[in-house]
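Next up: the structures, one after another.
The same subunit A turns up in both complexes below, where it pairs with subunit B and then with subunit C.
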Partner chain A sequence: MSSVTRNLNVEFGGGLEILFNHQRQIKLVVSAQGRNPTVRDLIKKLADEHINERRELFIEGDTVRPGILVLINDCDWELRDELDGELEDGDVVVFISTLHGG
Partner chain B sequence: MPPRPCQLCSNNRAMIKRPKTGQQVCKECFFFAFEEEIHKTISDANTFKRGERVAIGASGGKDSTVLAHVMKTLNERHDYGLELFLLSIDEGITGYRDDSLETVKRNKEQYQLPLKILSYNELYGWTMDRIVEAVGKKNNCTFCGVFRRQALDRGASSLNISHIVTGHNADDVAETVLMNILRGDVSRLGRCVEITTRGEDTINRSKPFKYTYEKEIVMYAYFKKLDYFSTECIYSPEAYRGFARTYIKDLEALRPSTIIDIIHSAENIRISEVVQDALPKQQKCQRCGYISSNELCKACVLLQGLEKGTAKMAIGSKAKHVSQEVSSDTRTIPMFKMPDQQVRNNQTNQTNQAKQSV
Partner chain C sequence: MSCSNPQSEVKDPGADIPERRTKPKNNQCIKCKTAAPVIQIRHALYCRECFVYATSGKFLKWFLSNFKPNDVHPVFYVAVSGGPSSRYLLQLLHTQMSPRKGKGSFIRPGSAEKLVVIYVDQSKVVPGAENLRNHIEDMVKDFPSVEIIEADVSESWKGSQASISAYLSGQPGQPPSATASEPTADLFDSTLSTSSQESHLALLTHHIILREARKHADSLLGKDSTAPLFLGTSATRVTIKLLSSMSRGRGWSVGSGEVQPESTQYGLNVYQPLLNTSSKEIAYYNRFAIPAHSQAVVNRSFTTFSPPKSSIDRLTEELVVSLERGFPSTVSTVARTGNKISFAGETKEGERLCTLCGWPARAKANEWKNGIAITKLAGEEDESNPLADMLCYGCYTNLTDSRARSHVNYALPGWTDEYAEKQKVTESEMRKEIEDCLIDDNDNDNE
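And now, the complex of A and B:
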């Protein structure tokens, strides 16, 4: 079975960047075996390989913690099958926390 | 996946799913619907009077930054005739508030609104950094909350402003409803869902975002590329509120209308007269003149504790029994004076409230 890979631009906002070494943008590659990589794959990879501490502030089960917004190419992920949304090469995926004080 | 068209204009691609209605809309329709819903909230409640001076409580965070933007937009679009100001409180938290105040200073230029900053140090002689040194991290949110509320009123009063708008959103209001139920705080349960709290001796407080979802505020700020500050306060957040917040976010994930449903529930609760009669009557603080439900207001009690080094004792039920005497060298809060405008407004209120409101 062949591996399908996607090159992605990932951005963090609303304070989430603190969990990712204060990086606002990272580039990464997500892959899946014999199918197109999805947002679920991306979230797992971010939580497993890019968060140093306080993982629970980003991930809950296999999805993002409630209160974190996800946009794919500026489109609300709720319009794109959420976790099952398939990713394309060059997609920009933005994660924004709504939880910090206003 | 094929792009879905906007359910409002049918022309552009839908980019956001609105949490309240599930409607799928494009960016432009979202901006317009978002702003006009706030206009409806404001105008249905006759929130402002033409010519009124209104202070926007500005922290540099997402809610108040979007509020400043929307208030300025609506004031121009619908000709409210309001004179808008930014009012910020500097709690004196190094590495947190000093950075967020820089955001507010940029907002002042971006929105061309006058800005007033009032500090705890100026008003109370204590910064939050020093208060935390004295009382520790456990109860410091109590000090900060009590001091901020009064500081905002005093800042407004110094500008001769008698109406403050704050960025409290629907999620915040739902969270507060829940907390008031959990604490049995019946008097606040009724008040916390009102768009405006008014009183003869108080500065009016309004929440134009009381029906506005946090998700949409953040989306709006993101799409409009508004400049806001998003760092958690460096001192421990209120644990109880944090729990209520997570609980509501979890419910929202299952059913987005939960937030508005909680607010509607609280709006329709009627408090029995027996309970109302038992609620403490409002009076003026005998030391500083600020509105209070006891002889001394909470800020004076807390400040006296800090000055005497017994701050930890001032929290809780003993607060009512704090001694009235205060030695002449102890710092007290200056006398509170209502702005002249408020006195005028309250006199004319009865006669032409409906005529001039927007």
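And now, the complex of A and C:
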């Protein structure tokens, strides 16, 4: 079964960059076996490979914590199947925290 | 055998909240009915253009209900922390500061000649916080006429009188234990809980904003003149504030103006125009309508990216955003309910204002506290604390935080002296109150 990969641009706002070594933007590759990678895969990859500490402040179960908004190509992820939304090459995924002070 | 209590394990408040969202039936923007939607706000879908237009329009509608289109105010005051809500408020006020097209060929003048931004620097008391003045200057550089007032939260004690501070150290008549230059360390002492520190910071910040605006208005417009002051409290924030205030013992004064869209404080007309705008709407608007170089910045608080149980405010925030995710009308419902709460205790005997927060306080906060909390061991007498006669229950509880009860001496900000002074009834006022019952000396002579 072949691996499907996607090159993505990920941005952080509202203070989330603090959790990601103060990086506002990162480029990364997400892959999945025999299917298109989804937002769920992206969140897992970010939590596993890009957060050094306080992982639980970004992820809850397999989704993001409440208070964190997700935009895919400036479209609310709630309109794009949320965790099951499939990602395309070159997609811009934005995570914005609305929590106080970050 | 250990005294284990499996029931006592507290989970995150939002961990098991079931979701009850409805999928939108239509796949078109609710406004233009043609474009594909990109945003869902509660149960309504918007395309990007309509969302920005509708959000600005909501503010404009509110604005025109409070300010006449032809009126030009000498000054607008606005509190800016640099965070998303105040950035959003600045952007909306910007649209009202310059002449603009009205209906037909009517050109509406700018609503104010000048905008005064009040920024309270918290970097000296909040670990990891930075001074954000440079960022705020970037945010306001397009305004036609603007002035920035920067105040330091650690300087709230300037002008503090020894008398009040001495009372607060529990030793009437003795010099205060804290000097005017370093008492912030007491209010933000590590022996106090994070909830108390957060509460103090919010209270100090609020008062500094009001006092700086008052001071500026006095010098610009004349003493006791009134002027509009805008605060960028969002619906999400006011929901959290409402619930956490009540849980911290501030229920008595919650209807006095803190959570209302319009109120009068320090003689200023205080407006909170974002009380029906959620943090989600604000975040999307900022992303879509504000240039990248002047976006909101992170204004760190004591609990920025802390676990939910680190303070009452943080725990309440977690509950509210969790509820909002599953039940998208939670925030607007609670915020609107808060708008309707009004203070009902003005005429009762013993009413007074808290000398620290300035909101109404019930008399004898310590009696209430002794009645509902364990404050002493068996055999000990009730503690008499002069603080209790000056503060509301919420402030009294914060300052007498159990971990710090015997260790911290308190010095309160300078304005507490003014509040205490104002509440002293003068001889002439007392005479006026009882003059109907007095017998005039002349009447006696005539008889």
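Here, the second predicted complex is superposed on the first by the 100 of 102 C-alpha atoms of A that agree within 3 Å, B and C clash if a C-alpha of one lies under 4 Å from a C-alpha of the other, contacts with A are read in each partner's own complex, and residues count from 1 in each chain.
FYI, a contact is a pair of C-beta atoms (placed from the backbone, for glycine too) under 8 Å apart; a residue touches a chain by one contact, two chains touch by 3 or more.
Since the structure is predicted, the reported quantities are computational estimates derived from the model, not experimental observations.
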{"item": "First (subunit B), second (subunit C), both or neither touched by A:S31", "value": "neither"}
{"item": "First, second, both or neither for A:L99, with subunit B first and subunit C second", "value": "both"}
{"item": "Touching partner for A:R54 - first (subunit B), second (subunit C), both, neither", "value": "second"}
{"item": "Touched partner set for A:D81, first subunit B, second subunit C, both or neither", "value": "first"}
{"item": "Partner chain in contact with A:G14 - subunit B first, subunit C second, else both or neither", "value": "both"}
{"item": "Which superposed partner A:L71 touches (first subunit B, second subunit C, both, neither)", "value": "both"}
{"item": "Contact residues common to both interfaces of subunit A (with subunit B and with subunit C)", "value": "13-15, 18, 66-67, 69, 71, 74-76, 78-79, 94, 96, 98-102"}
{"item": "Subunit B contact footprint on subunit A (complex, rising order)", "value": "13-15, 18, 65-67, 69, 71, 74-76, 78-81, 85-86, 94, 96-102"}
{"item": "Subunit C residues within the subunit A interface of the complex", "value": "14-15, 21, 37-40, 45, 48, 83-84, 236-237, 240, 279-280, 282-284, 287-288, 295-296, 298-301, 303-305, 307, 313-314, 317-318, 321-322, 324-325"}
{"item": "Interfacial residue positions of subunit B with respect to subunit A in the complex", "value": "1, 4, 13-17, 24, 27, 59, 61-64, 167, 169, 171-172, 214-215, 217-219, 222-223, 230-233, 245-246, 249-250, 252-253"}
{"item": "Subunit C partner contacts - residues on subunit A that touch it in the complex", "value": "13-15, 18-19, 54, 56-57, 60, 66-67, 69, 71, 74-76, 78-79, 94, 96, 98-102"}
